[in-house]
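Contents: one structure, followed by commentary.
Going in written order, the chains are labelled A, B, C, D and E, and every chain counts its residues from 1.
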Amino acid sequence: MSLLSTDAGRSGSSGPARRLAAWLHRHPSARLSALLSAPVLWLGVAYLGSLAVLFLSAFWTVNSFTGEVVRQPTLDNFRTIVTDAVYRTVTLRSIGVAVAVTLVDAAIALPMAFFMAKVAAPRWRRLLVVAILTPLWASYLVKAYAWRVMLANGGPVDWLLGGDGNGPGYGLTATILVLSYLWLPYMILPIYAGLERLPDSLLDASADLGARAGRTFRSVVLPIVVPAVVAGSIFTFSLSLGDYIAVQIVGGKTQLIGNLVYANIGAANNLPFSAALATIPVLIMVVYLVAVRRSGALEEL
Amino acid sequence: METPAIRLTGLRKSFGGVEAVAGVDLEIADGEFFSMLGPSGSGKTTVLRLIAGFELPTSGVVELAGADVTRRAPFERDVNTVFQDYALFPHMDVIDNVEYGLKIRKVGRRERRERAEAALAAVRLEGYSHRRPGQLSGGQRQRVALARALVNRPKVLLLDEPLGALDLKLREEMQLELKQIQRQVGITFVFVTHDQQEALTMSDRIAVFNAGRIEQVGTPAEVYDQPGSAFVAGFVGTANVLRDKVARAVLGEDGCFAIRPEKIALGGPAGSGPAGFGPAELGEAAPDDVTATGRVVEAVYAGATTRFVVRLDAGSPDSTAQLVALQQNLRTSSVDVQSYRDTPVTLRWRREHAIRLPD
Amino acid sequence: METPAIRLTGLRKSFGGVEAVAGVDLEIADGEFFSMLGPSGSGKTTVLRLIAGFELPTSGVVELAGADVTRRAPFERDVNTVFQDYALFPHMDVIDNVEYGLKIRKVGRRERRERAEAALAAVRLEGYSHRRPGQLSGGQRQRVALARALVNRPKVLLLDEPLGALDLKLREEMQLELKQIQRQVGITFVFVTHDQQEALTMSDRIAVFNAGRIEQVGTPAEVYDQPGSAFVAGFVGTANVLRDKVARAVLGEDGCFAIRPEKIALGGPAGSGPAGFGPAELGEAAPDDVTATGRVVEAVYAGATTRFVVRLDAGSPDSTAQLVALQQNLRTSSVDVQSYRDTPVTLRWRREHAIRLPD
Amino acid sequence: SGSSGGGANPADGKPPKIDKLASLGAGEGQVNIVSWAGYVENGTNDPKVNWVTDFEKQTGCKVNSKVAGTSDEMVTLMKSGEYDLVSASGDASLRMIYGGVVAPVNTDLVPNYSDVRDFLKMKSWNSVDNVSYGIPHGWGANLLAYRTDKVSPAPTSWSVVFDNAAANAKHITAYDSPIYIADAAMYLMAHKPELGIKNPYALDDKQFNAAVDLLKAQNKNVGEYWSDYTKAVQALKSGNTVAGTAWQVIVNLAEADQAPVAAVLPSEGATGWSDTWMVAAKAKHPNCAYKWMDWIISPQTNAQAAEWFGEAPANPKACEFTSDKGHCDKYHAADAAYASKIWYWTTPTTRCLDGRTNVTCKDYAAWTQAWTGIKG
Amino acid sequence: MNLSPAARWLLRGAMALGLAFIYVPLAIVLINSFNADRTFAWPPPRWTTDWWARAWDNEGARAALLTSVKAGLGATVVALVLGTMIAFAVQRYRFFGRETLSLLVVLPIALPGIVTGIALDTAFRTVVAPLGVGKGLLSVVIGHATFCVVVAYNNVLARLRRTGASLEEASADLGASTFQTFRYVTFPLIRSALFAGGLLAFALSFDEIIVTTFTAGAGTRTLPLWIFDNLFRPNQAPVINVVAAVLIVLSVIPIYLAQRISADTASGGRL
């Protein structure tokens, strides 16, 4: 057994799998098709198809009494949405909430993620990641309800702020607070991943060129971490835009676009009108995603 | 003639608009240590990948030992590769990495282990069997990659800048080892490098690549001493290029000529000059030698050698009337080098060492 | 004496259990091109980071221009760094990168732009202002990093293996440029490298590091020609080491000696030997010269030089009785090299070129 | 409007012709039920609360149940075609009848039906043209609950949540459903007789707009709307809610926890619900469905369910089986006078339910859309 | 990084506050599981372990937990398979529509759950139901898998980007066919990425209520649906706190394991 002895060469073993593999090697497009078939069927045909059917139905109406769908194309639903001021109000309110939640989460997540990625010792880093991930497993509903308790008249938040009625109570502020709470891990994780990839030498270089910590953060860290923040914002923004349950629990009388969609499908059984309403968040998100793709944020997800 | 180990005919490969390989014809003999040398982006890696089968050529034919393998998959070719980044499997330990190819070919457990251990011994890595690649230094990794390829006893071994990532010291050691192993196992090595020195010292033959084509193929001596073009002269080692007025003034000939710095003997004026730098150093002039005079512009001490930049009296003030000459620091003490500056000198070289280049 | 640009006193730095810097005392003069040379892990980068202020020393003092800066933050030190990985800000274009330091120091918009453009011109990168670092080649990035540091006109510039990632050709060009720039701007350069050649050709002085300590500091010539230890002799260039029996047999002295390969003149037997390899090549023996005889074991053609491995008659069969000698390929044609093998040869060198090393 | 359309409507048609089950056969092995929380309990929530297991044992019908939060959700779920049975309130029942979602019920096949209180049978929310579409389950009122420590003197009128709501701004609550417009209409019926409202579920344009305006004014003082009663209990206890709509069960729970909460049936009366078990038109398991209907109004079961949920049982015999012997009194189960003050939830239609023919009334779709506007 | 002590303390403080923000409400959940008050009056008037006892033999919760685990596993497996396929296609090939595909993968998680929910519900009712297949666990798995694909995709893609193709080429070079290469090299290399992605996908599915509401069949009750049903019953609500507390504690195990498996899942994977 030495390297010098000659070998019979590559063994002739060529089972069907091997022949298929060789054939696939010669036909890259067949390989690609095999890879894409199932995903395209699922997402491209089934999922997009479902969405298409949904939006087609936005042009139908429902018989108000029997609840039967009337399949005659009409723009009535959209006309109502555009002319009735309440839909504009609710849309703007929803976007406002989604933006506010995103900003609050970014503001909280940035220093936390920075601490985790660049300051904490590696052994702590691991534990902190666990600490951020764990709440994802505590039920969304339970957490929202815990906040209802905390925000109650005379509850812990009031107490913290010095007495009954000092807290925000239930309403728009509470909605933003609770949604920020619920989606915070979805913001921390991408930013943390982004910062972890940021070479320490850039921070050194900035200090070397005379910048203090604050300046380095503003001029180097922040711009570089923007795609990660945007990636996180896809979660915070879209989850807030579509939420209707947390709003019901702590929102007081607040209604968001999700509540309207839900009320019209889950309650009023008016699928066409729901579908028409649903085009609002979908349009907002699609515009958002297309804009975001340019920033490279989709790669940071 | 014997069937060559590798024959490439009219090989081309484009990526989108870029023609990475623009027509390569080449034969590599069995057992040869063959190097591919060329600047970054000249298509060396792509040719290697076409031979291994990782890429399908846009046109042209790849033959291995006489058989057309152009459209065969890599796993159907009797060729192994040592990758530039080693490409060791990080999730396997050293011995599993080396055994991989044998396992795939269903070689029995016992034989597999024996052969793998023999291969590790050949690269002087006994006792490292159970380390993970991450626990090895660059040089050790490189040797594992080599063992992993060698253990399969391929007809041809392809090596893509295997020493590129190592530091000088380690690199020189590995060069020696590689050469030794190749002699031992006697298989064909196709060795990609962008280091001229490496190619010159290790190879039986060298192909110099430029922009997807081969500019010249030959033994190290041929390529170094008889460069076929200005590109080859400039890329393989340092070369002084004399052309036009300067060539006429110095050589008395029209055209474009290359002279290697080490071919130029250098002597200071008698008596007055610094030590070890008198006319003696010039030696006797042979009948056909070329002699020129000039003045030292710069003298850089580099340990083993000193590099002189000399402005020629003939041809000045043309800025190209300048020659670089190398002098081995045989007897000269390094402190002397400082005093060489601005000294008048005589240069002398054999006429045949001024190589005429095509214009 | 003038206040040194940098003075390190009793500098130590441990990471957990590892003593990365184990007591360094050093003075670097104003305007010096100072290199730090040493194997991987010997503490070069750590010393640089201590000077720049990225790390706080475990003990010891760092002075810059006479002021104790040991506990000052990086942004409070008049020092700039060119990082090994360049550390260019990927989200800024070239001009913004270069302007960064000036912007921090609130230099006005107009002046900022002018100075940044001048710095880019100095590194020959006019016209690249609006590229992003990702759109530049390695060599270009390196030059941007240099411009970014130079534009601040620091007293001291620290460069951590700035050429490590470049290929040979580009590396040589950049060496010349760096040297030129340093002469032009006249600031102190502290240059880390693990390439001996680079250190020798570029530096005013060199510190050789080993295991967290400085083994020797001196001019290139001092370090090369008078190595203070076997480690320095071996690390800076190639050295033959003769000791014990062999040293006695060849030099007639006890102890440990280093001889550089290029210091050894080599001559074949009269008449019978190959061309350019007769007794003439040996030259006249000076009174104090050492002469030895042996047989060529290997002769490797390397373009500019040929490397001979010679087994000495004296001292054999000891395996250390072997010398490497270098010969410039001045008149020898490369084809001759093949025939040198197995020829008896005479070696000769000046007695002072066998440097006694401490045991 | 965006959601009205042509097609079947009580104004111009009858419910689709669907046959009722002629005779009872063998059970199909399972039954899928949509119900209010607490109507179908199998012990998984509280081992002591279980009237499903015995049913399954006796009939061999396995029960799958789905809880709906609102009447509207019930309709939606039933329309999915996956369910056999639903415990519909009056504001859902007609929609399902006219929509062909549910079938007439053959009461002869439900022996316990004969015991059900007469004032619950053949009502506008569970029959059409003298055809029964379901079996009454129980009923209750949407009372006015208030914090005794914050509202004094004790209110006797809904004005505390309407005209005088500002006194408790941000702490008023209301039921979160379009059907709540009827509460406003009922209030106007008493306080603005000039509007001529006769039935709070039959509102013409002017009447409807008056009710909507009242609710929009109320909205400024509302702290939150509720549709699940844990939320309502918790808000009352903590004081987030000081006055507003509540069910008896909410008040009972708050009182049980010593919260200073009381409820009153105000002088204007109250809206309320009367729930009816209805069978899906395309029920896959009709026999099991009938067996369940008989089971759920059997005295013991009806008692358990009514007590667990907190309402008056439909079957008077149930009153003997409640664990709290005062249950039926507390919920005024036998109090016909009390019951007469309640306007049970009914689905508003374009044909005015009060018999007017010279005007068209606002239908439920209009109510739904107005509700969105009221909440703003 | 070189930070002033003040900056360090500031960041440490921000981290501590952030963790407090995250964990105080969870502590409230835990405390409320011992709160004798049925609607969690604050401060708790009395303490009880009653809810824990009742949760212990709550069959509904257990059945729902089992359903959730089944749905989560199903969705995770589907998502991993699809996500991996897309990641390979996107990373290793250039083809028309590649950009669109990477956008399409994100779409289901970026669109509000209610849109995905009603779209799938509508499609199910109009296309699948007529074939005699009702909604059930399968439809939940389909719904969840749709928005979980992106998580698997992101994790695998990041790994593929980092490892590059050269290891696979090395394997082919050593004679392994495409399938052998996948088995011996590719799969082991992406395994920890799959694990990290799978864990996040499972967590997403496990906590999803909105899409589930619209895709679950009559007899299918996942844990969030069970919680939703019971949260609004005063007699039941406290038991939910117990369930949630148990979930939080149990979840630490898989997450911690994932951290241990390899250094590169330590970042918690990519969403």
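Note that a residue touches a chain if its C-beta (ideal position, glycine included) is under 8 Å from a C-beta of that chain, and two chains touch if they have at least 3 such contacts.
Which protein is which chain? UniProt says A, E = Spermidine/putrescine ABC transporter permease; B, C = ABC transporter ATP-binding protein.
From a predicted model like this one, the values you see are computed outputs, not experimental measurements.
With steps allowed only between chains in touch, the distance from subunit C over to subunit D comes to 2.
Under the contact definition stated at the top, the chains bordering both subunit A and subunit D are E. The chain with its CA mean position farthest from that of subunit C is D.
Subunit B and subunit E have centres, each the mean of its CA atoms, that are 54 Å apart. Subunit B and subunit C have CA centres that are 23 Å apart. Centroid to centroid, with C-alpha atoms defining each point, subunit A and subunit B lie 54 Å apart. Rounded to a whole number, the gap between the C-alpha centres of subunit A and subunit E is 13 angstrom.
The set of subunit E residues touching two or more other chains comprises 2, 4, 40, 42, 175, 177, 231, 237.
Residue positions of subunit C touching 2 or more other chains: 53-54, 73-74.
Shown for subunit D are the residues in touch with two or more other chains, namely 231, 234, 238. In the complex of the two chains, the subunit C residues touching subunit B come out as 39-40, 167-169, 194-197, 200-201, 220-221, 224-225, 235-238, 260-263, 265, 300-305, 307, 326-331, 333-335, 337, 350. Listing the residues of subunit E that touch subunit A in their complex gives 1-4, 7-8, 10-12, 14-15, 18-19, 21-26, 28-29, 32, 40, 42, 81-82, 85-86, 88-89, 93, 95, 99, 101-116, 118-120, 122-123, 126, 145-146, 149-150, 154, 175, 177-179, 200, 203-204, 206-207, 209-210, 213, 223-224, 227-228, 231, 237, 240-241, 243-244, 247-248, 250-252, 255-256, 259, 266-271. Residues 1-7, 9-11, 13, 18, 21-22, 25-26 of subunit A touch subunit B in their complex. Of all the residues in subunit B, the ones that touch subunit A in their complex are 53, 56, 71-78, 105-106, 111, 114-115, 118-119, 122, 150-153, 155, 181, 184-186. Listed in rising order, the residues of subunit E touching subunit D in the complex are 37-42, 45, 54, 57-61, 63, 125, 129, 134-135, 217-219, 229-237, 239.
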